[in-house]
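Down below are the structures I want you to see.
Both complexes shown next keep chain A, but they swap its partner, so chain B is in the first and chain C is in the second.
Take a look at the complex of A and B:
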């Protein structure tokens, strides 16, 4: 509380000072001249507020957006998702894909002065395997991590896990200090609230419900970085308030669609603000219309194809997403350049063909013009999904399918789809996390039809050939062969449409023009901000 | 008490010192009040539009018929403009009148029925029944109304029936208090005592003797209840907890909230409709209250 008041007072003093200094603009900019390298303060708005400032036992959105500033990973990834060195300089794998050797960066120190070694890496990877919600799956094949010397870590696998090297970003697999986390329960370790890492920023304070303050790490291993003196993370839960803060310059940057979609163009037109949709590659979000393939109508592939032919991805992109999405007909997003197959069946808008398919499926129009009636649920997590539901209802009315939209809260939706399986079809969004084996397979693999597990195979789709392809790709060490396997998989799924992949969301980052070099990796603002620069206000 | 002949209660009631019916006088007073008449005219028009909605604005009001964000007065096809999905705001307002009026009236009927039943029972019988029922009323009054509605609608699916019931369930306590107070006040009057002396049964006493005289303040409350039910449905839809298959003014305001800074008319058009109807209902309510007020009409009960 005191801290927050102190901050406000400082802000007030600063604005008072700038008012006084207005006639002496030259003098003011001199006094604000950077001390050290670069300098300046970046105010970064994050939502929702993290529960933990280290993403070691959580995959929460807010947690990931702050974690990497202090706690780094072995790699970072470029926009094509190629690994780039962070705490690891290089890696190599044995031909059988059962052993990965990581050469670590020398002369790296934790913020408390202790040296960073391979013991920390071994400890962290096994900890993530144990307590991270996705780590259990990603690192399932990890048998042991050997540490032959302080700068070498060898991951020993029981079966190949070719996706592993893509899961080592700071936000997904943070490397934490062993000497801090080895005692007590790591989930409740005090360092989750006051992190100690190797990153470019040193944690100073966290006033819950308001802001967290980080300062420049003077001993950072990447000499000359970070460019910022100070990073202030503001937690602003309301989109309208975020828009106002960005407009007024109170906040410099915020990502993940910080304002209403319909407000983005208005902000873009303001002289001090700019928008980028880069940095969505690490976890592109697929927006999907998922069928219950056990439904009496949707169990017929022709009916599902007819629905696909009735929907126009261009309308969805332009009207529902205000241009902040791209058509994405395949289960793998076009943003994942490694594996996306652009030749899949797209079922372009073709109502006549849709009607012919429905006639062929033995569902003629009745006396009232309707063929059949179904209920559409939607995951209420993102507000635009109701708008999308309205569009689906309208589009399907044209081919004689009467749709009733059903609203419910998030837990009810999850229970209805994944536990009770009491739905006809629904609108959902699943991220392509890290690698298709980790982020895509879960929705199509028949062994992942598990009652009660959210975001598993919700359609109930089961195809032995798809299962075979997915299982082969999961343990195939050769990248080229994996591409072939995933291409075959995409072809089948896009044709049989157990769920229609509609678009990939392009989450926008809104930033003040005085900020540069903020989105330099495939995971966007989840990066460590060591490259970010701010010009004087 | 000796067993009275079946016709006795009615006869006694007729001859007892019973207040003359204030209805005609009240009606005259109501017609004399200009805001009340204006309110009645507006409500009549809105009701007419709601009834004739399929003719005034044919077709599905949720259909995407125009470009998104057409401003009012620009296109003849969508005279009041269109929303983010290109839906006709005029059709929305016309069809939304149905949902708002139906939910407002039905929820009020539910509230009146429950409230009158509870209030009459508590006020008439007194004693332990009164004690228990008053605690029940207080229990409901201490829970914030809107929060309770949200909880109830969240538990069941939001449909027009569940929303109506939920709003009705939270709006009965004030009615119950009012009716209970009237019943207690009227219970000691001469005409009631006369009816009791004549051996009338409890049901007859409550329904035929006391209730008609307790009704005037309830009726004037009712119009305000309709207004608050409409507002509650609007708030519910604004929060996205309305029936998504139903056009309602609140849902339209809520849908326009995101684009308030760039296309304010999307929220303003249905918002104005809410303002006008709620204002009209309040005018009528005030008119009724004045009309039934014996001090103003010069009549004493």
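Take a look at the complex of A and C:
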């Protein structure tokens, strides 16, 4: 898309609004886009390699990136996370928020020729509730799904779940064919390896460790789409190799920071490549410094605030993330324009104030100049978090906190933090998926302090008022009232900092200029690619 | 009779060793903190305690260590490697999909390393002290000290990105329209060039140095002087009287290196997106999917033992003195 090339990252820093102000209307006016070219093959690099090509019993990153090409959802979401029709044309809710009616798209066929009906929707929603890792939480209040006629599905709830309509994207809640999944264990269903869906692309083959091939669905319900003849997904595990493949033109597109952050500007300068940071809205990645509030030092709120005062978000954005991030002081990312409260406490860089807070907390500098020593762990999932750890160590040394950095692999980290609780503080990432009740509440709600469960409330933070606000927002049907509740929640948490929300990543998509219309929804490359066009090579 | 017994004896040694390896690898992987369910729940970002407990029960991860070990061993005896937690697919088929590509890469790299290493080493020994010898030594020292992944990445940047003459990675041109089987084979070969060479360079360096020193040693022996005194041309002396003797240390090392190559394959496979066993093993370790990991470790140890047995037999053939000693 040509429009994203002019979008300088400073502009992104200035306001989150610039990110969400992307209309669908722009498609017609893209004169630079290849018009009437039609057909062609798109080569799309995905990492990590999916374990399943349908995101029904997994929510792994790679799985989500391929799933929607074949298996669709009820809705897609624009950059402001407003629902747009996909398999559902429209929806309505009863005023008490206990019943949602979905009107389904007629004349849709599964890739094996069978018709798509409300029975598939009812089956899939209940299946997601049962086997999707997030399903049990998201669909907890779903009591039943009624199917009065083949094109109507009615979801009946035991308590209001206002976030539900935001969880229906293809990558999050895939609608699978009942006639394929109703026999046997859905987790080991062969269709997970060779998917059958309603989407714009028909699965052809998957050579594990190498590639998967998809072909155009000639009977797709959206007449004239998809524009591509063929989609080749390549699994390239090494960032350097992905950069080479993009540069040489072997790969057309790859998202989620496919190359080293330090390499992004070099690739952007190449004549055949371009970069966009759109499409991060459905799943904004918060980068956080999380305290163990049971730690003898960090249990004191003033010590946590002192740490916050010692860190400069601008340095983190510019130096660690090379500009591919925005400051995010609140638990809700600025990319979620529906709920983000920009007035929260940010604790700007102020070492003098930090030192005063530590003195007040009874932690004076000792003979060697240090106040106390702690160990910092980091979730190794993203490589730049080690650099971030170095920065934290450096910054805290200035206010007399001696930090030792500890490195470990992902399972060891998860066990240390969530099972053994053997840590002082750690750098982690948490995606604000779908809605604050689903994606944010889990880290702050005291009833979610569950030993052994990854990405539960890891800090151990407990505040009855925060619990009350979160629980009220979870069942509040009125959007305006939810905004108020979440604003109050954001104010408290940003002030008490059980974890310091540092930045939201602006994960970059690197693409060849011959590709257009790839990022048209809030979930970016997790979309179904029916709009994507490629010009001849 | 002896010719049949010798290989059988060599193979018989491998049985207790493989049982030992199966037990030790099983116990070793238990030391890693966290299990597959932790990773699964961690990656999904939101699991419940009930689903995690249910998964552990379904996978048998909650059983005592001894029960799991016995189940693992009884599976191995029946060549049943179980089902992968992560891929929800039989481990045997996951491994079988990857095995040929790893073997092809290893086989080519080893063959290339041996041929080039032996040639260079012999050449250097025969011209010892000359500028050619010194120049080659310097080049070889360079490839000996530079890590394979760096060579791999640099060769991608140079040959694939700059010159555009070879592909950056993968095993084949996906969906390529080939006019005949010859074209498809050529395509495969083009994809193999860079990974094979990157993997082989380090071993070329080792074999060349080894071959050089052992050839120099043999060149100084009495029978070589006699052969030269007979008036045989120099290349005949080297080929008939030196090479066979000088090869022994190289073949011994090559046997040992099969294991090292499997280890090095992980790096090369990652850099070149080569769908091989090394990457599968690495991903299995990172996700604590130990059934895959144990199957690969077991298979690799069998492979190493098998090739070592083969090397022993090769030694018997190369050097009659070993035969007599038995």
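Quick note on the criterion: the second predicted complex is superposed on the first by the 500 of 537 C-alpha atoms of A that agree within 3 Å, B and C clash if a C-alpha of one lies under 4 Å from a C-alpha of the other, contacts with A are read in each partner's own complex, and residues count from 1 in each chain.
In this text, contacts are C-beta pairs under 8 Å (C-beta built on N, C-alpha and C of every residue); 3 or more make two chains touch, one makes a residue touch a chain.
Keep in mind the model is a prediction, meaning the values are calculated, not measured.
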Give one word, clash or fit, describing how chain B and chain C relate on chain A after superposing. fit
Where does A:390 make contact in the superposed view: on chain B (first), on chain C (second), on both, or on neither? first
Just chain B (first), just chain C (second), both, or neither: which does A:262 touch? first
State whether A:230 touches chain B only (first), chain C only (second), both chains, or neither. second
Classify the contacts of A:409 with the two partner chains as first (chain B alone), second (chain C alone), both, or neither. both
Spot which of chain B and chain C makes contact with more residues of chain A, would you? C
Which of the two partners, first being chain B and second being chain C, lies in contact with A:168: first, second, both, or neither? neither
Tell me the contact category for A:51 with respect to chain B and chain C: first, second, both or neither. second
For A:81, is the partner it touches chain B (first), chain C (second), both, or none of the two (neither)? neither
Which holds for A:474: it touches chain B only (first), chain C only (second), both, or neither? neither
Measuring by CA atoms in the overlay, how small does the chain B-chain C distance get, in Å? 6
Across the two complexes, find the residues of chain A that touch chain B and also touch chain C. 408-409, 412
Listed in rising order, chain C residues that touch chain A in their complex are 32-35, 38-52, 83, 86-89, 94, 97-98, 101, 153, 156-157, 160-161, 164, 167-172, 174-175, 270-276, 279-280, 283, 286-288
Under the definition above, what is the set of chain B residues touching chain A in their complex? 60, 62-64, 68, 84-86, 154, 157-158, 240-245, 255, 258-259, 261-263
So in the complex, the part of chain A that touches chain B is made up of which residues? 239, 243, 260-263, 265-266, 319-320, 380, 383, 386-387, 389-391, 393-394, 397, 404-409, 412
For chain A, which residues count as touching chain C in their complex? 41, 43, 48-49, 51-52, 57-61, 133-134, 136-137, 187-188, 192-193, 207-211, 213, 230, 232, 234-238, 240-241, 244-245, 247-248, 250, 408-412, 414-416, 419, 430-431, 433, 438, 442, 450, 452-455
